[in-house]
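Okay, so subunit A shows up in both of these, paired with subunit B first and subunit C after.
Our next item is the complex of A and B:
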């Protein structure tokens, strides 16, 4: 057999036209699901030794060092992001450093599909599939939020704010569904025109 | 709607789809001029006589790791997992606290403190949440991490007498001989350039392997298997063929043979309920008098008097036929198919005191007629299990 053939979930999908945002699939990213106890110093130190960063302990935050990022998923779970080609190397380095420490690192690079949403209208489009107030200053660059988005499980990562770049992670099996959602809801003619924040009524 | 990595191929083959949880799975692949029944029968016979390929990617997969993982699984399953050797697979049954079956599947030991659990396709999220709940609320002393990885893997069954020959053409970098890779073994390695986990497990009763590869390689590995299998007459088979194949072997499906009120004893799987383990979920409930009493519905096989007659799913057996309802019901059909392997209809049913009624003929009143069927063992084909041990 020849070179291994890679096929991402959205590889054959047409590039979208007439959307108010730019969307594209990100395929070159490796992902490791990392479990461990944030309160255990040995665990945090071993991870830092390999990744070069302190795992974020505050909910919905992220940390970065070079081309490695760590997204907070829960009190004992992080999603580690890095260039896909590094997967094997990082995974074995983590497992080696974490030997004997209660933890778990597993390759989940193919488990999720990532749709990058870019443009001034990104938050307005995402609002249509979510109950979160994504216009709030709380959703600054670096924020990570798991949510029910367009009726499916998803994760938002605000990569940068103004100009907005937001990565939407969905489980691979829902990639087509999510892509279609953007095609249907991201159309320029369907852009939302908010009234803006309302003054709190006096009682 | 959830799609596997092979969805576009299924679609291109004009597969008929069926919903399984939120997935759409290929039900059968009718060819030009074929109706669904003909297609299903062809797929079943391909597995029994040659070799078939199934997209089983939807199967739930949960990795379980930590120093207490083995003990944790001993409590979750009715049978023993701490005794499972590294690199081996074991079929397990799961009950809720009431002693009723909630899921089943094959669990693999990847390391001393590391397991991979397979769940039913529809049960994947529910069981992951179930495991987390027990860890977080009841057994907080356990050092165990549970990480669902269902979508990381595309997984395919290669089943049939020619399965090993197909596999060997794919250039595995490990021994797949009958001795070197026995039934219920697992190996990690490569098929050609593709990283895989290979499980020798069988839900069809045939010589069978399940190949798991990272999902983004899935489509390519699928194509390679089809190409390698062409000279052996490999055919893709869908979920209906899968179900008939397992019914011919008398294997249960949680959700068909069980309805939330069925114990392992009811389906005749007493052997999988450990007598050695101190405790596991549902153990005490199984001691309740009404779960042990005579007269509970038990799983049996049914052979209709007319071999061409396929009972409808859910048909009721009655104690005595009367001119009109109400009639006293003594059980119901849980799975029912035409078996091309045996060239006759087969069915599974839960019947009051069923195992004591072997050989008895039951009556099933349907609209305008009464179908009669004889109670048999639910294993209809290859009772010795010789076909998978080759």
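Our next item is the complex of A and C:
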């Protein structure tokens, strides 16, 4: 049997034009779903030994060390991000270190597609699909939030703020839909302006 | 639109980020004594639900957030959330005392069992 090859769910999609934000797919990223008890010292220490970072315990935060990142998903669940080529090596190292500890690590690299949204208007475009107040200071760089986005389940990772770089993780089967959503709602002519004092158009 | 607050991860969002899980504190009779479950008890467990005007105790899930279940107390008249508490816990004493009708009789013996020292601890 031949090895399964990764194929992006978005590879046949046209590059966006006339959008108020830049969108592109992030490929080549490996993902591991890691679950365990944050209160268990043995588990946290074992993970730190392999990944080199302390798993974030505070809700909706992330941590990074070198090319490895850990996103908080739940009180007992994290998404580990790293270059795809390292998947096998990291997974076996994690499993070895976690042997005997109540936990699991699963390769979910092909489970989600990642769409990177960049630009000053990134939050304004994302606001159209969510009920969160993405303009509040709570959503600073490093924030991770799972949410209902454009009627589907998604994960937002604010990579950097001002200029905004936001990664949107959607399940692979929704990637096409999410891409279409950005093409339709990210159009420059449909840009949102927040409420408040608006500039008076000159006549 | 309801604004819900998750007591587990602290996320606040509208009801579409959460999932309603039905009435709280329903016990499956067969769990306690599988050998002798009466038809009436099984019927009540499956179908009979309270429909109060006022405080209602229900289960919610932080569906698109941390994924955990929790309990919430909602006023069915004003749609106002009066509080949330852990999925394995009883409501804070003040909310048990505020319950009316069928819920008041449900919490009556539980209130008696709660030590005064625990007052407000589980809120």
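Rule of thumb we're sticking to: the second predicted complex is superposed on the first by the 189 of 203 C-alpha atoms of A that agree within 3 Å, B and C clash if a C-alpha of one lies under 4 Å from a C-alpha of the other, contacts with A are read in each partner's own complex, and residues count from 1 in each chain.
In this section, a contact is a pair of C-beta atoms (placed from the backbone, for glycine too) under 8 Å apart; a residue touches a chain by one contact, two chains touch by 3 or more.
Just so it is clear, the model here is predicted, and its values are computed rather than measured.
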| item | value |
| --- | --- |
| Contacts of A:5 with subunit B and subunit C, given as first, second, both or neither | first |
| First (subunit B), second (subunit C), both or neither touched by A:148 | second |
| First, second, both or neither for A:132, with subunit B first and subunit C second | second |
| First, second, both or neither for A:123, with subunit B first and subunit C second | neither |
| Contacts of A:59 with subunit B and subunit C, given as first, second, both or neither | second |
| Per-residue contact with subunit A, leading partner among subunit C and subunit B | B |
| Subunit B versus subunit C as contact partner of A:74, first or second or both or neither | second |
| Set intersection of subunit A contacts, subunit C complex versus subunit B complex | 77 |
| Subunit A partner contacts - residues on subunit B that touch it in the complex | 1-5, 7-8, 23, 63, 65-67, 143, 145, 147, 149-153, 170-171, 191-194, 214-220, 224 |
| Complex contact set, residues of subunit A against subunit C | 59-60, 73-75, 77, 131-132, 145-148, 153 |
| Interface residues, subunit A side, partner subunit B - complex | 1-9, 12, 27, 33, 35, 76-77, 102-104, 106-112, 171-177 |
| In the complex with subunit A, residue positions of subunit C that touch it | 1, 8-11, 13-14, 16-17, 63-68 |
